[in-house]
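Letters A, B, C, D, E and F mark the chains as written, and numbering starts fresh at 1 in each.
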Amino acid sequence: MILPIFLIFSLLSSTSNAAVQDFCVADLTGPDTPTGFVCKKPAAVTVDDFVFSGLGAGGNTSNIIKAAVTPAFADKFGGVNGLGISMARLDLAVGGVIPMHTHPGGSEVLIVVSGSICAGFISSDNKVYFKSLKKGDIMAFPRGLLHFQINAGGTPALAFVSFSSERPGLQILDFALFANDLPSEIIETTTFLDDAQVKKLKGVLGGTG
Amino acid sequence: MILPIFLIFSLLSSTSNAAVQDFCVADLTGPDTPTGFVCKKPAAVTVDDFVFSGLGAGGNTSNIIKAAVTPAFADKFGGVNGLGISMARLDLAVGGVIPMHTHPGGSEVLIVVSGSICAGFISSDNKVYFKSLKKGDIMAFPRGLLHFQINAGGTPALAFVSFSSERPGLQILDFALFANDLPSEIIETTTFLDDAQVKKLKGVLGGTG
Amino acid sequence: MILPIFLIFSLLSSTSNAAVQDFCVADLTGPDTPTGFVCKKPAAVTVDDFVFSGLGAGGNTSNIIKAAVTPAFADKFGGVNGLGISMARLDLAVGGVIPMHTHPGGSEVLIVVSGSICAGFISSDNKVYFKSLKKGDIMAFPRGLLHFQINAGGTPALAFVSFSSERPGLQILDFALFANDLPSEIIETTTFLDDAQVKKLKGVLGGTG
Amino acid sequence: MILPIFLIFSLLSSTSNAAVQDFCVADLTGPDTPTGFVCKKPAAVTVDDFVFSGLGAGGNTSNIIKAAVTPAFADKFGGVNGLGISMARLDLAVGGVIPMHTHPGGSEVLIVVSGSICAGFISSDNKVYFKSLKKGDIMAFPRGLLHFQINAGGTPALAFVSFSSERPGLQILDFALFANDLPSEIIETTTFLDDAQVKKLKGVLGGTG
Amino acid sequence: MILPIFLIFSLLSSTSNAAVQDFCVADLTGPDTPTGFVCKKPAAVTVDDFVFSGLGAGGNTSNIIKAAVTPAFADKFGGVNGLGISMARLDLAVGGVIPMHTHPGGSEVLIVVSGSICAGFISSDNKVYFKSLKKGDIMAFPRGLLHFQINAGGTPALAFVSFSSERPGLQILDFALFANDLPSEIIETTTFLDDAQVKKLKGVLGGTG
Amino acid sequence: MILPIFLIFSLLSSTSNAAVQDFCVADLTGPDTPTGFVCKKPAAVTVDDFVFSGLGAGGNTSNIIKAAVTPAFADKFGGVNGLGISMARLDLAVGGVIPMHTHPGGSEVLIVVSGSICAGFISSDNKVYFKSLKKGDIMAFPRGLLHFQINAGGTPALAFVSFSSERPGLQILDFALFANDLPSEIIETTTFLDDAQVKKLKGVLGGTG
């Protein structure tokens, strides 16, 4: 009776890790590729690569936006590398706001877990889609479009967002324009903003040039 | 001063809905395609296509699995059609379990919102990855692999799951085997289950043949 | 001798249009799908579906940006539907500028055909990449990132841009913010712009709310 | 005891055909899309959509190439629509040859079932990869590259080929050049072939112009 | 006359291996990536990388399933790495069965080369599609769905299967459940199987826990 | 006032290069993968990785085809690695011709910048699509199909072509057949060309065997 068991396993002998690649846990010590990090050796993979506890606690909202974004992308949460999905946690204190931003690499779905959030996006033909969301509501934000979230109530709001990419990117408009060394003249020429406005926001956000 | 405004808009005249397709809200009255439903006419799209409130209330857990899955896939939540992402809500009463199942069309990430959940998956090389998750923990389940979730505490558990597809599918093992007309002889031959076991579960789940 | 010829063609009988789908010319009268327009009937397709003359003449640059974008996307140039590529023509008069914008659906490569252009983009980590390009230079702009082009010389500039999508989209920052009915309060909250600045640009660009 | 069964099925109520799309059987009466035919209504799908018997009999090899290609692409074998795979049968009589050709839409793997076949392909850097294959050997032909198969033995040869696309296309070099109305002058200019050679093959293959 | 030849080749100088990448033969000594193994150096690639003889002989069917699966996936047949296709050989002795299983990573097409096979799959909405296949019949199995093959005749059966992925994976239901250390209690809770049944199959298949 | 600034940046701390991957500039010193070269370290990337000046000057057309192709693929123009787009420059002297060829890996769009060009392609069902293009015209060539470009005027012609892949490949028919060691007998068998024709072109193009 022992014999058949081993014979069965000969069927499995080719079903090694190399043969199947169910997953590709990120190995941050190796090179990056156009489709994600190279894979950790299968023998080194454990369940902890697929579990992440970093979204359990709220981010620090003691800042001028009174909000925090805590991501669980493939660089932190290696198990999603190559799977085409990732998450983040949004904490919005009273008055908090996630400023106008885009995710160049993926679409997003948000679920409100507590509080209420006014969220919206703008399409390529400049139409605005926004709504006040209550606990349990979900909203989709198509890839690459400008969007925002604002705490719409009198209590802190908590939401979780999921992305259709393990590294969706995050380009916050004000930081892209005012928190680097992009010359003010170029900003003004390409956005029609007044010089005083540009310099004021560079002052707040640490931009130079 | 009116003139320049209109001239600017000539720049936009080609940025019509036909030109850009930021999104493709599902039109369930038209044909389905290999990559999703055909699109609702852009003029008919409103913010409500991107917002879904169906996950706000818990599903009915008064059943033998003491659990409920409430999906927000593209057929119900048209805004995610073509975006490569969707969600579902899992309610597990005390003792509740989401039985062994797969999503043939997408990977999954689960976040525990209340209670605790023992979740796991099995890889192609038959290695088991499972862990007890507490509130705030997230876990990834790679595409197509058998996995399960069990309420691991003494209180009801709530989780939200996201998928890397707007229609990830859901194949529940017991229903696939025992809730249809697949002949018992075929089931027994292909699963090594005993005849009595097969017939017992067919009885519970309504299978024939 | 006639016989063998017909016999050969029997080999081809299965190589009908339905079998192969080398291309899928856009049929704008049918439904749109997540991956492009449905296909024109093969029998109706001619070489003219694959040739487009609309980029031969410069766009009208008598506007406040002194520039014009003339696209050849799948809605106008049906032959590229489903091929993952499209083009546009940029005309920049002296002093002309293509304002800060993104293409949510594709990466871009630009080639300067006459004049010189200062072009740049900003990455998700807020680093600025910009350079003055001379005739014959090409520059790549990764998908979804904010970028701009400015005539950098004393003569009109002409460039052609190609996209990695047949409908890459075009979201011009100022139009997204100021040329629709997005409430000023939301704009100000999510961009930190001053109320006067927002109202001034809404006035220029026709925004309400 | 009846009650629990129905309660379980409430879990499944959302797992309708619209929700999951495990497959998309080709509906040839509807429009074609860039990613395949629109889907047959789920209720009309039967196991026969997934089974095809057309490769069971050899094609007619009484022609000048002494060979036959019998495809099972999505237009004939609707079940593979959208699945990214298809098959064809190759019959090569003694002396038979599948002339130099490409599949613009997919890679190929061939398995020799009887006889022996000399098969090869040429890479973009003009390197030739060819070998004589015996029964049971498999060979891969990367997408889009020129390749050929020749009966290498004294008995009829049979092979099955699979493609990484449900409609891989088939461009046979001689038919592309000599079996249509492409002007001889253009052929000669773009291939360096002599006028007499071009006209001779046009005569054999029915070309005009 | 020598001169023009060399001049022509200057045209080709940029068509190096680095420029084109017609293929990416698996280099098993390098890292794995989300989309396959890194590539063997082009200079080291020969026709033997694209030819595999391992499917020429039948697998050993002297086991309790009286069947054998011999795969030609990218880890063994390096030439298909990145091409989105692979093959396997199925040998079913009289009474042989390929037990209920899934391929998480790809769809499958099977062709019966000798004997007859009863094959079937179960969709997400629990509908069963099965049929008895004779020599020459082909059948498609959509990605990720449970399916099986049983020798349906009185002679050994041989089939070749192709997959829409170079590493489709193979999750055999019984091995996933009973051939590892997944605790019996979890199995029973998530499958409704009786404790005796679980322990019996663990005994046969070597499971612990 | 300094404090809030630093607090804002804590929001950005997770938006590192590892988290987002807006781009993946080719690192030619590392391994190649099925989807492109591994990525240069983000810290080493500069704007010059995204700018390429190699198309600014015409290629040498003093050869027997009186034409030159100058590519800007990912191996030369590292910034497009992973972006799904690339370019090339075509120079056609009077009487110049880009011989019949395919790009196995991508579709093409051509724009005529000076002169006039007769361009065409042949579909899988052997239909010819060709037209004389004037300055400013663009033409699409679907992936993998045979196509050609001929200077159709009395002056040099210049065109730029874009591809839907960063490494589209380039298989020139005559070089594939006559500029390597493919045995003449195989060429003749698979193309029906006369022995004298094959040997003549092998002589011109340097082929052996």
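The working rule: a contact is a pair of C-beta atoms (placed from the backbone, for glycine too) under 8 Å apart; a residue touches a chain by one contact, two chains touch by 3 or more.
This structure is a prediction, so every number in the text was calculated from the model and none was measured.
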| Other chains in touch with both chain B and chain C | A, D
| Steps in the shortest chain-to-chain touch route ending at chain E and beginning at chain B | 1
| Greatest separation from chain B - chain, by CA centre | F
| field | Distance between chain centroids, defined by C-alpha means - chain C, chain F (Å) | value | 20
| remark: Between chain A and chain C, the Cα-mean centres are separated in Å by 26
| remark: Chain-centre distance (mean CA atoms) for chain B and chain D, in whole Å, is 34
| task | Could you list which residues of chain E touch at least two other chains? | result | 12, 15-16, 19-20, 22, 31, 33, 35, 38, 104-105, 120, 123-124, 126, 130, 142-145, 169-170, 172, 175, 179, 204
| Which word fits the touch map of the chains here: line, ring, star, complete or other? | other
| In contact (per the touch rule at the top): chain pairs | A-B, A-C, A-E, A-F, B-C, B-D, B-E, C-D, C-F, D-E, D-F, E-F
| task | In the complex, go through chain D and note every residue touching chain E. | result | 12, 15-17, 19-20, 22-23, 46-48, 50-53, 55-57, 72, 77, 79-80, 83-87, 106-109, 111, 113, 120-121, 123-126, 129-131, 133-145, 160, 162-164
| request: Could you pull out which chain B residues touch chain D in their complex? | output: 28, 31-35, 38, 59-60, 62-65, 67-71, 73-76, 104-105, 167-170, 172, 175, 179, 204-206
| field | Complex interface listing, chain F residues touching chain D | value | 97-100, 102-105, 118, 120, 122-124, 126-128, 130, 142-146, 148, 150, 169-177, 179-182, 186, 189-194, 197, 200-201, 204
| Which bits of chain F are touching chain A when the two form their complex? | 4-5, 7-12, 14-16, 18-22, 24, 27, 30-31, 33, 35-39, 81-82
